[in-house]
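Notes for the one structure printed next.
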Amino acid sequence: MYDIVTFGEAMIRLSPPYFRRLEQTNLLEVNVGGSELNVAIGVRRLGLKSAWVSRLPLNPLGFLIRNKAREQGVDTSHIIWSKSDRAGLYFVEFGASPRASKVLYDRKNSAISRIKMGEVDWKNILKEAKLFMVSGITPALSESAKEVTKEAVKEAKKAGCKVAIDLNYRAKLWSEEEANKCMSLLMEDTDLLFTTEEDTFRVFGIRGKNYEEVAKRLDEKFGFEVVAITLRENISVWKNRWTAIAYSKGKIYRTKTYELEIVDRLGGGDSFTAGCIWGYLQKDLQKGVDYGVAFSALKHSIPGDINWTNIEEVESQVKGAGLRISR
Amino acid sequence: MYDIVTFGEAMIRLSPPYFRRLEQTNLLEVNVGGSELNVAIGVRRLGLKSAWVSRLPLNPLGFLIRNKAREQGVDTSHIIWSKSDRAGLYFVEFGASPRASKVLYDRKNSAISRIKMGEVDWKNILKEAKLFMVSGITPALSESAKEVTKEAVKEAKKAGCKVAIDLNYRAKLWSEEEANKCMSLLMEDTDLLFTTEEDTFRVFGIRGKNYEEVAKRLDEKFGFEVVAITLRENISVWKNRWTAIAYSKGKIYRTKTYELEIVDRLGGGDSFTAGCIWGYLQKDLQKGVDYGVAFSALKHSIPGDINWTNIEEVESQVKGAGLRISR
Amino acid sequence: MYDIVTFGEAMIRLSPPYFRRLEQTNLLEVNVGGSELNVAIGVRRLGLKSAWVSRLPLNPLGFLIRNKAREQGVDTSHIIWSKSDRAGLYFVEFGASPRASKVLYDRKNSAISRIKMGEVDWKNILKEAKLFMVSGITPALSESAKEVTKEAVKEAKKAGCKVAIDLNYRAKLWSEEEANKCMSLLMEDTDLLFTTEEDTFRVFGIRGKNYEEVAKRLDEKFGFEVVAITLRENISVWKNRWTAIAYSKGKIYRTKTYELEIVDRLGGGDSFTAGCIWGYLQKDLQKGVDYGVAFSALKHSIPGDINWTNIEEVESQVKGAGLRISR
Amino acid sequence: MYDIVTFGEAMIRLSPPYFRRLEQTNLLEVNVGGSELNVAIGVRRLGLKSAWVSRLPLNPLGFLIRNKAREQGVDTSHIIWSKSDRAGLYFVEFGASPRASKVLYDRKNSAISRIKMGEVDWKNILKEAKLFMVSGITPALSESAKEVTKEAVKEAKKAGCKVAIDLNYRAKLWSEEEANKCMSLLMEDTDLLFTTEEDTFRVFGIRGKNYEEVAKRLDEKFGFEVVAITLRENISVWKNRWTAIAYSKGKIYRTKTYELEIVDRLGGGDSFTAGCIWGYLQKDLQKGVDYGVAFSALKHSIPGDINWTNIEEVESQVKGAGLRISR
Amino acid sequence: MYDIVTFGEAMIRLSPPYFRRLEQTNLLEVNVGGSELNVAIGVRRLGLKSAWVSRLPLNPLGFLIRNKAREQGVDTSHIIWSKSDRAGLYFVEFGASPRASKVLYDRKNSAISRIKMGEVDWKNILKEAKLFMVSGITPALSESAKEVTKEAVKEAKKAGCKVAIDLNYRAKLWSEEEANKCMSLLMEDTDLLFTTEEDTFRVFGIRGKNYEEVAKRLDEKFGFEVVAITLRENISVWKNRWTAIAYSKGKIYRTKTYELEIVDRLGGGDSFTAGCIWGYLQKDLQKGVDYGVAFSALKHSIPGDINWTNIEEVESQVKGAGLRISR
Amino acid sequence: MYDIVTFGEAMIRLSPPYFRRLEQTNLLEVNVGGSELNVAIGVRRLGLKSAWVSRLPLNPLGFLIRNKAREQGVDTSHIIWSKSDRAGLYFVEFGASPRASKVLYDRKNSAISRIKMGEVDWKNILKEAKLFMVSGITPALSESAKEVTKEAVKEAKKAGCKVAIDLNYRAKLWSEEEANKCMSLLMEDTDLLFTTEEDTFRVFGIRGKNYEEVAKRLDEKFGFEVVAITLRENISVWKNRWTAIAYSKGKIYRTKTYELEIVDRLGGGDSFTAGCIWGYLQKDLQKGVDYGVAFSALKHSIPGDINWTNIEEVESQVKGAGLRISR
């Protein structure tokens, strides 16, 4: 029924307009974002069928989050609704050099942190899915969220789904030791790993002289079908350089590097994950890397976590679109 | 040092612009509000010195709340700062008949709910204060907030402060039984009670054929210096009728009735409390009621919980200001 | 698969903020609206499954329209996509007495006006549907839209679907004669008719001394299962009185009258249609009328054509909700 | 060349959005307004040719004011440009009952207050004009503005222009004695007087038992061709009742009364003046009064001082337009 | 009467704020733009008298477009008003690297596309004009617009006006073959040609090793008084490099190159055209090129198609203004 | 009582949003700014106690200015309130290369320009202060402001306060000769001088081959404890390079250079002054320079004159914070 199923939290994202600090603002822009929802939306915009599994409060904030997924054509029928919990929130301040952008989380005790084993009907949801994706954020949310993540991964393997994990280490949610313990276990069932050099070092203590070497060492340690690593160079807050590699069965897949003018970098990495999975499922990893980097490069130019581009625009980037106004 | 000291929570208030529902909004207006802060600001705008005591998180949201109090000239030097807790939030949807306005709270585990006995230096704060004010919301926030409320009231009596309590029953925070038990105890030390007919019935089971009778019965039961009751008639969501009485030592103090066009009714009752206390401290309860109703009538015409009017404007209402444009 | 299928145009709706005239504005608020989409959304919000069939341009404006339907959980998989046509637009100016609100259409040559017989797979779409709904706007859009409307109605009858039609006469789209000819024909297959006194007179020349009589005469002429008539009294632009009746098999179903403070009256009638159908499908026409009027009364308090309320809120109106702030 | 020439100040008008107080705002909406400019625009929108004479600073604020006149098709070629002075400003707070709307002026030392005799080429400007209009505000701005007003009126009479004066007393600009002295002199050359009961009493000490009598007494004292008086009843801040009369050669011209929902009442009186002059110049005073009241009734529904309606809309009001949405 | 007369379409331009995609926006900013209107405004801001001829619908959108021309002091008295047609619209999405800005047109069947031969009184309009300007967009709008363009050019030559044409090829309006045929014909009467290397190649198949050579070859083929070519280098979407040359009677006129931070590049080329014509009419082509490039460089820093600068600011750029804040 | 006392004007600052020109705007953002208020706020945010002395009109604009100081915790109890004067205003247009940002002042006759000797109780205010700060703007406002500045400086010296002066030459307020005369006199009592190379040359005619030399020559001429000079390099309007030095007793204190992405550069220099004073008062001038440059670098990324950062963020810059998003 679905090409891809993802599992995780999406939060209400509140951000002051035009570089204002949170402390000074009298207006907040409302968006919705969360790693796994971003990926579910990303693959949907590229043409695949996706479902996003989560737990949300039965109130206008929960509906708002659900609606944004639905607006993008993502299946939301497996969301668990809670009558008593809250929606996770986060606040983003957009910066300008030398002030980096900053996130303030208010996500404790959110509905998904209270999810319980057995609440989600994984068997049914995953039965014809091609791939299950989750990030390292979900198991970090709470003990029970960790258990449900493991449950889902196990069920995915049983159902013959590929498992893709984005390492996504969040220091505010758990320590490096906790992350190492949990993620190492999950790696056993992971087919595709998405990570960065920094997260790899913090969670697994693995380092290399470049990101090709990091990929290889990860593969040596855990044995993946694909390891993909994104590389962001922060020339300034408003200007980044962006690229990625994938490593699969001894081969490195490279792609071009994009010069980015940053409107909103949140969700950038998730777009790469989406694009890469999209190509992988077509059994063309080079395409996955190329489209993934292009898709995520475009994301940085769009306000909000959602990647409001389409396959034609991504294709045009891969082929070398110019910067002239298109009319 | 202060004429008035108040103690309670102020929250970040988030509201969609122009009658949008929360579920449909992509913008939220940011205000700050909370019963006791509103009263501290109200008396300050009328010319008294006030301090507001609370507990806030040491983050931009906590600073934002503190700043808004400070902007109004309220002393904030006794706020307790928490490094780990969150700021209380609430969401307001403004309605139009037949859709009433609606509040969604997200205040659990806020910094003030974790306040502890002994954290506030009440002795020092209250030493020269004339009046201490708290509402029924503060003790409802948590067990420890209840303890600190009692501690503060005791300390106020010791310091020779008058104690004013706004009953303010919140069904989402505690049951009628819990409220009855705690508030009955607090009534023993209360000099001025502010309430409505509905709250009086819900918390104390006291009813009367009109609000004068309710006031008398409250006085019979607990023995106050002043009982003040506000009366709101909801002609429609955008049009209310508004008045109040005070009862003191067998005498009823009445005032005129205002026809209100409602821009934002939050904080309306708190403005009455502020105005009434202001008059009471001048030993002129009739003035207190008259200015209190006028001050709160004006509040309903102003966005946000804060009453951005001044004593000249209130005076002009009491004297019978017209509706012509003033130039 | 669907409880209800509707067919018609939804347009990009552009309106200047806060009572500005179109000629003076430098900002336009973007909403999406159209009678049949509004109904499909309305029944969905009340808990039914619905699909909306239309024809849209394959461009961001077409996607925006589709997304808004999808956001509400309405099935959009049967939309026909056009590579060359445009999206219909309309502009709304909101008024204040004595200036009535005003609509300027720019919908000529929209994608749906070029829909062709056979383009929609009605058989499949309607196969398990309980009810098919269309308004008098759809056949007025173009000759081919008229043909497809007839085709859909025929197919609905074949599939055993109930047919509901909202008369919705639009003088800018066709003459009274043209409307009479086409709508009279459609009435033959109509089970539920939604109309107003004015439209009934303009299209069918039928009048009565009150709306009960109009309903009866319509029934006498065409023979319906249900005729429902809404009644709006324009006390002022910002204040309306609103009610409706239904007539079925000789019996009148009445409901209470709501005093409305008008935020945005567009989509008000469609909400009544949705609510009434919802009750009708539960075989409780009285409930349909009661919930329909309450649901549409609430709509008038919400910006945009979409009715962002839910079944609990409607129920609460039917039971007599007050106007006090709900917290 | 022009049907009508007006002379006076137009200011930058700054107002906080949505009922905010000036003290609390972080945004100001920018409009342009001034009695004589409003009249020049009003008659232009009704189809006449008009010029507006003023003195403005040669800076972006002066250009902004000039542009808004030009946008409406008013001739601005006779504006005197000053290299050193400032543009007049005023701030408007919009109220809600019981808080009346309020204006704060910051117009001292504006460019027009430093206009000098001989700076304007009145002879040339007025040579083919039918009517010259000025309000009592212009001579109140400064001694030299008073001189230039007298100069203009004298020149108008010489050129065979009708002279229309709107009494418009502004207590912040001059005393009643000063106004009496200057305006009494100007009355000698005045053909049409526009006033209210209150201003008539304050400036001329003339009172009557109703406004018909006030008109007659004014006529007895000064001898006019037309005296027109507007009457505003402030039911509430958001709801007014509005009408006017004209008195000419012993005859009273009455018109219907409008119930107004107030969006922005500034410029309302000026629209009446414009409409009345428009009818007067067609030698149909009844039409002038009818269209004047309708035109000004519509003004109250539109943000800003400018009356963004047209002759068809005014006509439709005079004929009795309904309040239903127009589509 | 006019120094310059231009003829063409101006559209309502709708753009989402702050880099939002059209599909995601709930607000649109309203501007007005069109090549020939932009030029008429440009020369007016530099001090010349100009008229803009067009055909507009008699509705608020048509008035809005007319008003914006009038606001800038451009004569609009020769606009043809249509009771039945629509205003052309276009949507602009502003991008960030690597996403280029993008235009979506909705201009089919606009009022000007239905203009007819003889509708415009060219003889009278052009009788004392110094120069007539039109772009390659106008003849591309429709067959009749093409005929009226030819008619206007013929009439201009008869009246002794110089003819300036901006090649402005729009692939969405006509093919290269159609453009070639029509524009080649128009070149016979063209005195000044404005173009880019790309458009020159697409329409005339003419190429060169640099833009000086392109200019020469154009001159060889058609024989102009002036050929001017602008050159934009897209370093990134937010950063461009900008310059131009003119070629006249064997001589190249060069100017300095500007580094641009791009706020809104629409109308940039038209500002160059305006500035260059302004210098040309002073018989100083070098000044035309210098001021044209400076004027258009400034345009890129201003939202909207209109160049809100003035001659002093342009002069200051030509002389080498710094980037320090000016106070 | 205070660590630092500053004296000067703060104005209402009005700026069009998003790069719009003043002439084209219909909205103005409201901020408050002025050199000495900015410094008082700056040191307060870094943890010191400060008071700001000024003279303001007793109206909503005066209150607004006072409130913004109070919001930041700056003592405002010594402000002199005027019943008749106006608040100073200034308008800012934000630019993009090659258009520099631009300020238009409307500050003549502001309340502070009419301050009188003896109105401020300097003795009391300064009695326990460590440092008094004023800029060269204050004495330039009017003759009486000049006198009061001298009075304040004299009183500061008497009270044993250090005196810090920011040269801040404003050509629109006084000539270089006037400035030279007044500032030379004030230099006699100055302990810390803040300046730029350009201002030093314009006011004192002092030049050097680099800014170290300028500092030395200033010291040679006047004899300071500290001379600090900021250096801004305008790479483009949106990109600056920023650093500073201090010179004290023959020693140069250098700091690193920041690459700035400019959101709003107003108040940038004042933040340096605040940071430098903060370090100086800790008797660590190197820290003052380091923190001053970091603090002011951050200011450029924040809308408005106020520096909404805190000591932790400044420290993190000094230690070398990265540009990655902080979460």
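Going by the order they are written in, the chains are A, B, C, D, E and F; count residues from 1 in each one.
Keep in mind that, in the parts below, a residue touches a chain if its C-beta (ideal position, glycine included) is under 8 Å from a C-beta of that chain, and two chains touch if they have at least 3 such contacts.
Just so we're clear, the structure is a prediction, and the values are computed from it rather than from any experiment.
Visitor: Going by more than half of the contact pairs matching by residue number, which of E-F, A-C or D-E reproduces the interface of B-C?
Guide: E-F
Visitor: Do the two copies chain E and chain F share over half of their interface residue numbers, or under half; same or different?
Guide: Answer different: the two copies use largely distinct residue numbers here.
Visitor: Calculate how many whole Å lie between the centre of chain B and the centre of chain D, each centre taken as the average of the chain's C-alpha atoms.
Guide: Taking the mean C-alpha position of each chain, the two centres sit 45 Å apart.
Visitor: Chain B: which residues touch two or more other chains?
Guide: 18, 21, 23, 26, 67
Visitor: What kind of graph do the touching chains make: line, ring, star, complete, other?
Guide: Other.
Visitor: Would you please name all pairs of chains that touch?
Guide: Touch list across chains, by label: A-B, A-C, A-E, A-F, B-C, B-D, B-F, C-D, C-E, D-E, D-F, E-F.
Visitor: For the complex, give me every residue of chain D touching chain E.
Guide: 67-68, 70-73
Visitor: Residues of chain F touching chain D in their complex?
Guide: 14, 21-23, 25-31, 59-61, 63-64, 67, 86-87, 89, 91, 93, 104, 106, 108-109
Visitor: Any idea which chain A residues touch chain E in the complex?
Guide: 17-18, 258-263, 294, 297-298, 300-304, 306, 308-309, 313, 317, 321-327
Visitor: Touching residues of chain D toward chain B in the complex: what are they?
Guide: Contact set of chain D toward chain B: 18-21, 23-24, 95-103, 105, 170, 172, 232, 234, 236-238, 265-266.
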